[in-house]
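In what follows, chain A forms one complex with chain B and a second complex with chain C.
Presenting the complex of A and B:
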């Protein structure tokens, strides 16, 4: 197994019985899945993040021999997209159903509460339609089932509620992983991680990995850096932990968890890198990674969200160029770009308007008016304010003043 | 030379009105004139070449020769870099090509001049291609661009392509002297040479410089004044930004970058283009260093087209400069 694998993946249970906690929900789900005549064709698993909703689906499929066809929030889920993926999968019972190996497909729609109103237009009703027409089981998962837009889904589904996993179960899980990873961990440290997770198994395992993987030991002292787990890691907190990351892994775990908008993150990192790396070589290397991340962002556009992982990869690499050189510093915020554009807006508008007038008269674009005309017109006006150019171009007095006082670029 | 008496900017005042008046483009003018004799045979045209070599002038001449006095009625002039969205192409071009089918004399079409068409987005060009096909009975297009490579193949194949090369140095000097004479400006030959060399084959630039210089001391331009004007008009910010990056002040360089973006509204690709130009003027760098830095600029020019945030790419470019600058400092 690859060394840099996330432990949450490495130790994801393969069997239903290995999924910890939520015994009642597990039983209800399995019963639904096994029953020949289901009262409702779909099931909606709901509950907080990291308690095993996705895991149980995959474990059950593994155990019962279903093939999972999955759509999650990173796929576009407009009506069309859903029909394209789910339509064929649900319309036919797979050919190999009758062999002993496979029981056919199940359709799994993860994070259905993430179906966006606009981009995924018609998404919810498309799912309802699929459920009604489907010949294979449809499983959905959501954090918050109370959303108004999910109401049509709830009508056609059996609801199964997942709760936070109890702390002792998480501690036991962490001990097992520590043992397998040959980590000498103090019980109190594991207890603190588990408590801090608030019943979220995934985050607990992530914390364990980021705190102990490198050193192979874990003391209570090590866990003081754990902040009370907050679902929304703020921008400041994200930056602090991002720039102080001791390894690539730590940075990528952080970014996978932070809910800071990627475009905001890109700008903030772009602004703060010079404070983080003082050595030009390190700075250039870090910016190179961020530049690559930005290219992925460009290629993602509005639809290729499967590339998002490469974006985060490159961003993480930028944080880990030289962990040893880290010194705390204060962050630049808000973004320089936004501040600059705000303060210079009137200047820009004025110049743009002048260039538009020149362009009209002299058959050039605003851009070339700016570069090929403005510097010379400025000289003419500085020498002689009454230049006939003023009236010929139709410049207003404030535009003339602006041009004569403008710094050269 | 005919003059547009109203025009105050000399580039407009002395812009040739007839193909015959155009300097230094004999071959192009000859082929175009054969189209003028029988307008029905005129295909769509693609005029490509560096700025200030007469592409727009030639296009406007064609309009005048086809339609005479009323040329503006039958000509739609669009600047693609100002209005380059797919909607503009669809709406304005489509409407115009549809409504202006009123044939003029023996000219059975209206003329659409699309300047800086290489700035048009891919989708807009694809839309344009379709419009060129559907409206070919009622309109002709003259596309003007700096790089024909940025025009999609299907459009290129629908056009007769004319390439404009750098104007001849002597022809440009002659042109400046001619204008100076008409404007009663005494222009020293060395001054004209200085201006022409600075303009690097861009006549528009040269004429603007001459006009600014003659405003310096009424009606008198010598080499000193020419140099002074050139110095004042030369963009300085970009060179200072490059220097700051190379000599260890990355943060200051990045500030200048934001000044260019904010105060002057330059786009990422404009800044990169200027960096490329200014780089080769810097006397403190060896040819090898210039080549290395130029390669770096090229890489980031490409990344700009791929990325989402030009600030990031420009910052990364400056950081690469800082790295090269550090290595250079250590080796010397």
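Presenting the complex of A and C:
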């Protein structure tokens, strides 16, 4: 496994001064972070992707000795989950704040505008409560702060706006990386990459790496293959490009650009590998890499995002087991597990409802009811001891029918 | 287009309401020197619009500071000005001369 495969990781700023662009926003954020008496306990950093919002939080934490506790959009952020993670993190001041090295924790919630849907129900109000009661700085980041659902967060936060990074700044940044990587790059080529990036530094660095890493030279002609920046690569497109990648690097860069959920991607790749590799040995090798990626995904959890590069590496290695054997094939998408969950939703809802009724009557949890009671209720129903059981549990006719036929599903 | 120095610039005498509005939008006034400077950047668009109205011009912009050489320069000479979506903020960029000379970030 290559260390620092991606230049975006290799050249990730360690200090605030290394973050390019947005000088005023940086100054406002640092002033807020250093302030002893903050007028508002939270700060909301907002602006387009790839302009340095997350980077500056990590750089500032590194520079001022804070420990970052992070919650990302890929985590479920319901009221309960937020209270479970953020509650303890913000309710106490860590003992090590009294030492000179550490200033304690900061809670960082990235992509708060992504809080949505039933699984994140109550998330915004839980964050507001955390902010009001917090004893540590709370930092949030969002791409679009004008969403109606974020209004309560804006009321309790200091707003800091980040802008797209300008083309001359990106060119200067690309030039610096080219020098360090001993790449002879034409100015016009760097200019083209910077213009194509749409103010997104991360994308520009990825483009530079994909075009120049192997040859160590970069001409304007090399940039002809650059496509217009597409931030929202769908699952199908991600799979198509992933499986047809000609190298480890190409697959890795694609994954870092794609917006698909990591867990969905893992499932989708797992489903499609048998269609991609016909040779059993290659297939086994690819599955080994996917299982390793799955392990890293588990270890990343909610805060170890520095392990993401290993996830990308392992996933990319699964795609690049045998690039020459690629033949186009039709993908299984969405992942089989998600399709199965979709088709069985009504059945699961029905069973959950029955377990709720049993749990209420027998004073046990739904999980216990499902595991310890449902099999016996089913036996009683099939042995025609229905009347007293049905009336005592309050089961509806369709629920009785469901239970008696359950083993058929 | 009028290019102003964000650290100190003069405006014609304005009504009390306009003066208060300018301070609310993020300007600071130095009584000793009679100059304004930009202290807060959160309302920069409204601020430039208000100043343009006071100066009776179409467009107002602030001079940029080059992060490589430290000099102030106007955006007017920049070849990317037309496609630049962030004309007002940030106040830091790379000047055309440094870009031409191939200077890099430290």
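We take it that the second predicted complex is superposed on the first by the 240 of 409 C-alpha atoms of A that agree within 3 Å, B and C clash if a C-alpha of one lies under 4 Å from a C-alpha of the other, contacts with A are read in each partner's own complex, and residues count from 1 in each chain.
Throughout what follows, contacts are C-beta pairs under 8 Å (C-beta built on N, C-alpha and C of every residue); 3 or more make two chains touch, one makes a residue touch a chain.
Everything numeric in this text was worked out from a predicted model, so none of it was measured.
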item: Partner chain in contact with A:394 - chain B first, chain C second, else both or neither; value: neither
item: Chain B versus chain C as contact partner of A:336, first or second or both or neither; value: first
item: Chain A residues touched - chain C or chain B, whichever exceeds; value: B
item: Which superposed partner A:363 touches (first chain B, second chain C, both, neither); value: first
item: First, second, both or neither for A:22, with chain B first and chain C second; value: second
item: Which of chain B and chain C A:175 touches, first, second, both or neither; value: second
item: Which of chain B and chain C A:290 touches, first, second, both or neither; value: first
item: Touched partner set for A:263, first chain B, second chain C, both or neither; value: first
item: Chain A positions touched by chain B in one structure and by chain C in the second; value: none
item: Chain A to chain B touching residues, read off their complex; value: 263, 266-267, 270, 273-274, 280-281, 283-284, 286-288, 290-291, 294-295, 297-300, 336-337, 340-341, 343-344, 347-348, 351-352, 356, 359, 361-368, 370-373, 375-377, 379-380, 383-384, 387-389, 392-393, 407-409
item: List of chain A residues in touch with chain C within their complex; value: 20-25, 28, 159, 161, 163-164, 166-169, 171-173, 175-176, 179, 187, 195, 199
item: Touch list for chain C against partner chain A, complex; value: 41-42, 67-68, 78, 80, 83-86, 89-94, 96, 98-99, 102-105
item: Complex interface listing, chain B residues touching chain A; value: 6-9, 11-12, 51-52, 56, 60, 77, 79-82, 115-116, 119, 202, 204-205, 208-209, 211-212, 215-216, 229, 232-238, 248, 250-251, 254, 258-267, 270, 300, 303, 306-309, 311-313, 315-316, 319-320, 322-323, 325-326
